[in-house]
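Before I ask anything, here is the structure I am working with.
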Amino acid sequence: MQLARVVGTVVSSRKEPNITGLKLLVVKPLDEEGRETGNALVAADAVGAGPDEVVLVAAGSSARQTEATDKRPIDLVILAIVDSWSVGNDVKYRK
Amino acid sequence: MQLARVVGTVVSSRKEPNITGLKLLVVKPLDEEGRETGNALVAADAVGAGPDEVVLVAAGSSARQTEATDKRPIDLVILAIVDSWSVGNDVKYRK
Amino acid sequence: MQLARVVGTVVSSRKEPNITGLKLLVVKPLDEEGRETGNALVAADAVGAGPDEVVLVAAGSSARQTEATDKRPIDLVILAIVDSWSVGNDVKYRK
Amino acid sequence: MQLARVVGTVVSSRKEPNITGLKLLVVKPLDEEGRETGNALVAADAVGAGPDEVVLVAAGSSARQTEATDKRPIDLVILAIVDSWSVGNDVKYRK
Amino acid sequence: MQLARVVGTVVSSRKEPNITGLKLLVVKPLDEEGRETGNALVAADAVGAGPDEVVLVAAGSSARQTEATDKRPIDLVILAIVDSWSVGNDVKYRK
């Protein structure tokens, strides 16, 4: 999984019927210091994440192992909202 | 998933029987500002996308979870045409 | 999928029994201008591709969705020989 | 698989029910000399790994092939604690 | 698949029961000229590969399609020992 920040939303009216009802959010992966790194990705939301929240995303077939995404053409899912993470003895982020 | 722009088409007459009938489009991934980033990829079209349209693509086994691509040797599918996306309060793209 | 060029062959006599009979080709991914980009990969051939031909390759579990590769430990398959591709109004390659 | 070092922990109270009870650790991939390389990732722990330990991680659908992660939306798992590794005749790491 | 060279070994006594008995080797991917490229990876051995041998590795779920790795949390397998490979008319490697 990767740490990521929710930075935006995607709206689509013409889409595969199999993704209807899913909320699609723009996320940016974070490094262990909480800095945005790499390109924006689009994830389906399985936990009710909101703007600016720090989340965990899972990719690939694992992204389909939630009730919200089961058997859907989804390759990235938000599976948790992060309360905090630490590296060594340093708390790097607290909600 | 990734934001991408449809930039071209691929024609093939000698191919695995299992992909017959699929439209294959050249797409370029986009960053959150809408700039093309990274190398061109080829995606199967599940939603009737056309040239220059901004789309969402899903990769890996998730690319086979549409009616058009089920059980086919397809590792990238266009699963939605994007109407708009926003980052923070800025609309970065509107169709 | 990715555009690629067939640049070579691999010979192996000691191998997993499950890949016996497959032709293994060295391929180089191409960008949308037809330039080689990134490292060489080795793909199983499902369509009778030959040296210097431009092909489409599919990766991951999708590489096993052909008759030639079904249930085999193959993570990259050549699934089509490309006749031509275009970007915008420019034909970038014609066989 | 990749060699990695456990560098931290992630805490989340709002998450997909399907990951409840899993310990989520921040890991950094290591090169063959034992130097951290690339971005931090988050892995589910299947072997009771602790801080600063060197571990092996498996990604993708393979990350779900442990008792701890079966059918869960987990794309990275710690599947072994490394005692030592060698390159050529040099022991590069010993616990 | 990727060409790679076996450069080392990994020893682990505390591990997921499901990988018991597998030999884990450190491999370095090779480019088409036979030069090491990218970071070291760890692969399960399905063919009895030894130090310094040039091999083919398959990644992802395809790494589980061998008798040695079936249903195991393995995301990289050595599936062949390479006798030779050629690019164009040049033999780049011969065992």
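Just so it is clear, A, B, C, D and E label the chains in written order, and each chain counts residues from 1 on its own.
Here is the rule we use: contacts are C-beta pairs under 8 Å (C-beta built on N, C-alpha and C of every residue); 3 or more make two chains touch, one makes a residue touch a chain.
Not measured: the values here are computed from a predicted model.
J.: What's the minimum number of touch steps needed to get from chain A to chain E?
T.: The distance in steps between these two chains is 2.
J.: Here's a test of the contact network: exclude chain A and give the groups of chains still joined by touching.
T.: one piece
J.: Distance-wise, how many Å sit between the C-alpha centres of chain C and chain D, to the nearest whole number?
T.: The answer is 32 Å.
J.: Roughly how far is chain B from chain C, centre to centre by C-alpha average, rounded to an integer in Å?
T.: Roughly 20 Å, centre to centre.
J.: Among the residues of chain B, which are close enough to touch at least two other chains?
T.: In chain B, 60-61, 63-64 touch at least two other chains.
J.: Quick one: do these chains touch in a line, a ring, a star, all-to-all (complete), or other?
T.: Its topology is that of a ring.
J.: How do the chains line up around the ring if the path leaves chain A toward chain B?
T.: The cyclic sequence of chains is A, B, C, E, D, beginning at chain A and stepping to chain B.
J.: Mind listing the chain B positions that touch chain C in their complex?
T.: 7-19, 24, 26, 28, 39-44, 51, 60-61, 63-64, 71-76
J.: Can you list the residues on chain C that touch chain B in the complex?
T.: Checking each residue of chain C against chain B gives 1-3, 29, 31-32, 37-38, 46-48, 56, 58-67, 69, 77, 79-88, 92.
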